[in-house]
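Shared between the two complexes below is chain A, which pairs with chain B and chain C, respectively.
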Partner chain A sequence: MTDIWSGLTQAFWLLATLDADLVEITLRSLKVTLSALAVASLIAFPLAALISVRRFRLRRFTISVLNALMGLPPVVVGLVVYVLLSRSGPFGVLGLLFTPTAMIIAQVIIVVPLIASIAHQSLRELWSDYHDLLISMNTTKRQRIQTLLWDGRRALLTAALAGFGRAIGEVGAIMIVGGNIDHATRVLTTAIALETGKGDFALALGLGFVLIAMALFVNLMIHWLSHTESEGRW
Partner chain B sequence: MTMFPLIAKGATVRRRGKVLVGPVDLTLGQTGTTMVIGPNGAGKTTLLKLLHCIERMNGGTLDWACPVAEAQQRQAFVFQTPVMLRRNVRDNIAYPLLLTKTPRAEARARAEDWAGRVGLGDAVMRPAHLLSGGERQKLALARALIRAPEVLFLDEPCASLDGRATREIEEILLGVAARGTRIIMSTHNMGQAQRLGSEVIFVLGGRIHEYSPAQDFFAEPQTEQARAFLRGDIVE
Partner chain C sequence: MKNYFMGLAVSALMVGAAAAEEMKLAVTTSFHNSGLSEILLPAIKEDLGLEVQLLVVGTGQALRLGAAGDVDAILVHSRKAEEAFLADGNGTHRREIMYNDFVFIGPVADTAGIKDAQTAAEALSQIAATEAIFVSRGDDSGTHKKELSLWSAAGQTVDDFGDWYRAVGAGMGAALNTAAGMDAYIIADRASWLNFHNKGGLSLLFSGDPVLFNQYAYIPVSPEKHTHVNKDAAQKLEDWLVSGRAKQLIDAYEINGEALFVFNAKE
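Let's turn to the complex of A and B:
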């Protein structure tokens, strides 16, 4: 009990003094996850819009693949990325294993299905609203997708935030492909795992607070967005 | 190149094995305002969509006097329940112009002009979904008219509107028709059909039972069903 108590007080001290390690790790976490989020959104948004407006036979199939991928354990994603990037793997020559890039790749794979499937739900609804008008105006497929992405931007932001929450809190995959190397690939979650294992609660708790704050912020944003969406303030 | 006549031969719409509309044989000329009337479920909406080429045909032919892609660019359709894009009134009206690569500033200026013409001048910056039923129809009208279509389809545009909103819409439509736009619309309001229409298509059970000048139709309908419909009897 006293361990935890002293850990807590030290954690607050680390936060209050903006401890160098803590700041470094936090910034790296943000950098990795925001990069992954940008890439994932660029893939997931157009994909979601495309399967919303098209009636191709593969739509159902694509959606079930997305759903299946969403249920994929992140550790397994990590393992697969590890195998692909390891020196004897097909992309071994790139030398990406144990770099932030490897972590970004793993996070992209983990969040693309999540973002695409949340985005698809909203865009599909939007499309059923817009369908008649856009067909009647003889729009091209490209224009339909553009219109959906633009008018559905709030829903897309919500999807991206959900993706952020998932990616920033992920530990298994990025531990495997990043290696949790100090000053190189150590991020919030892997650092917490390590420090807790070492029994150094202070840093672990401090990092934990940062993580909680981020998750809280993201959820508040999602809540606020869905609120404004339902009130229809665009 | 002129779009008319529009000639339909045996045009049929079938869904799940059931014939919704057709076979339709029809020749629509260059001038006039055509009112499509008939009881609920008769196939008015489907017929209008068929003529507008947004309803898949399962048989027969439908030919505009010009290539179909060009014909589509020269028409507009106002749906019974207007689609409100999640934008403000001005950007809703400007939308068709943006599709044709009009510069944004010009599109918005013209949209504001059209908003004024249909009586939405004070509402240009309001989110479209906050509009009343009548205002939504006016928005849809302005959005349909902004590309200066030569043919305007409307599906029961006044179905859920009160007298005043109906009159405002009718005034806009009379102005549009006076400027030479070919109007083809459905209505369940016989007064409206008489006020606006120069010819009438009477639809029943997915088929055109009568197609005649409005005066003749209302003075002396040719079929028993049309007579019954005008009397207010239930026909099916």
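Let's turn to the complex of A and C:
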């Protein structure tokens, strides 16, 4: 119990003094996760809209697979990305292992199924509302997808935030592909794992509280910037 | 969005371009947990202008990283595994740098009574005889390999042990946390123990037997097998590690007034 208190005090002092190392790893956490989120959203949103609008043979199968992959174990993703990016692996020449780029790749793989599944769920409902209208207006597939994505943007935001939550707190994959190198690939979660390993629970908890506070802050900022709950349904 | 991707591509290129002054070194958890790296790395940067990026892993994984060419050099402590690594042509040569020692940690009450043991083998035999809970690293690290060789030197077979022998498959710090939680016996390197904050009901019970000395060696990854390795930086770092400056820093490093490492590199 005392550990939690000293963790809170540590977190407070780290934040109050703007500890240089803390600022560095926090910004790196944000950079990696937001980059991964941007790439993942670019893949997942159109994919979700496409499987809402189009009817193809393996559609149900694709949806089931996407749903199942929401539970993709990060440590396995990390291991596979590691083997692929290793100097003796197929993409070794790129020299990407143990760089932030490798961490971004792993996180993209982890969050795409999650974002696509959640986005698909709400776009499908929206599509059943819009179906007759859009068909009678003789729209192209492309226009239908664009309409769904634009009118469903609040739901897509929720999907993206879920992806952010999964990526920012993830440690298994980025520990393996990033290597937790000080000043290069250390982020908040891997730093927490490191301090726990040293038995410094207070500092580990302090970093943990900073992580939670940052996740809260990012969510609040996004809601504030996009005026949710203050105008219109979408 | 296009700009964003351009940015990503440019930053990826910059990482590649900056590689001239950087090198990757795989080191063991016990070396890193000792805190010595925080003394040596800034000095290396100051003297050589070389940014050494540490990958902190177990010896087993460090050797794998070296064999795959994912790092430029390794600093580990498991002689047999190092020699096998060299025999497979993965490294150029092995250079001994320094040593520290392993210690036996256990509950303050010392239920197995190893405090008065004369040798490490005797201490282990007593733990096995009383079946006191013992935490093993179980992760194929240098410390784990050392522990296994100590058991066999004591005439014990690990495979025959009952459930008092608990292989946790974790790093030194995590294993110490587990031992603290179960009031168990464990073998740790002195540095990790002294730097460990969550000591709980544990204390240092036995040390000093010469078989417990733990030699660290530096091995550059073979540039013939992996043409991309930064062999100049690896050579510069080796020259620095065996220099008088390194000797002075390593020998002077203390925690709570106790020296941890003994420099023994030969010029």
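Please note the rule applied: the second predicted complex is superposed on the first by the 200 of 234 C-alpha atoms of A that agree within 3 Å, B and C clash if a C-alpha of one lies under 4 Å from a C-alpha of the other, contacts with A are read in each partner's own complex, and residues count from 1 in each chain.
In this section, a contact is a pair of C-beta atoms (placed from the backbone, for glycine too) under 8 Å apart; a residue touches a chain by one contact, two chains touch by 3 or more.
On a predicted model such as this, the values are computed, not experimentally measured, just so you know.
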Chain B versus chain C as contact partner of A:Asn138, first or second or both or neither: first
Chain A residues touched - chain C or chain B, whichever exceeds: C
Partner chain(s) touched by A:Ala38 [first = chain B, second = chain C, both, neither]: second
Overlapping contact positions on chain A, where the chain C interface meets the chain B interface: none
Of all residues in chain A, those that touch chain B in their complex: 126, 129-130, 132-133, 135-139, 143, 147, 151-152, 232-234
Contacting residues of chain A [partner chain C, same complex]: 35, 38, 42, 86-89, 92, 95-99, 101, 179-184, 194, 196-201
Chain A contact footprint on chain C (complex, rising order): 1, 4, 8, 11-12, 15-16, 19, 24, 29, 33, 51, 53-57, 67-70, 171-174, 176-177, 180, 195-199, 226, 228
Touching residues (chain side chain B, partner chain A) in the complex: 52, 54, 69, 72-73, 76-77, 79, 83, 85-87, 95-96, 99, 127, 129-130
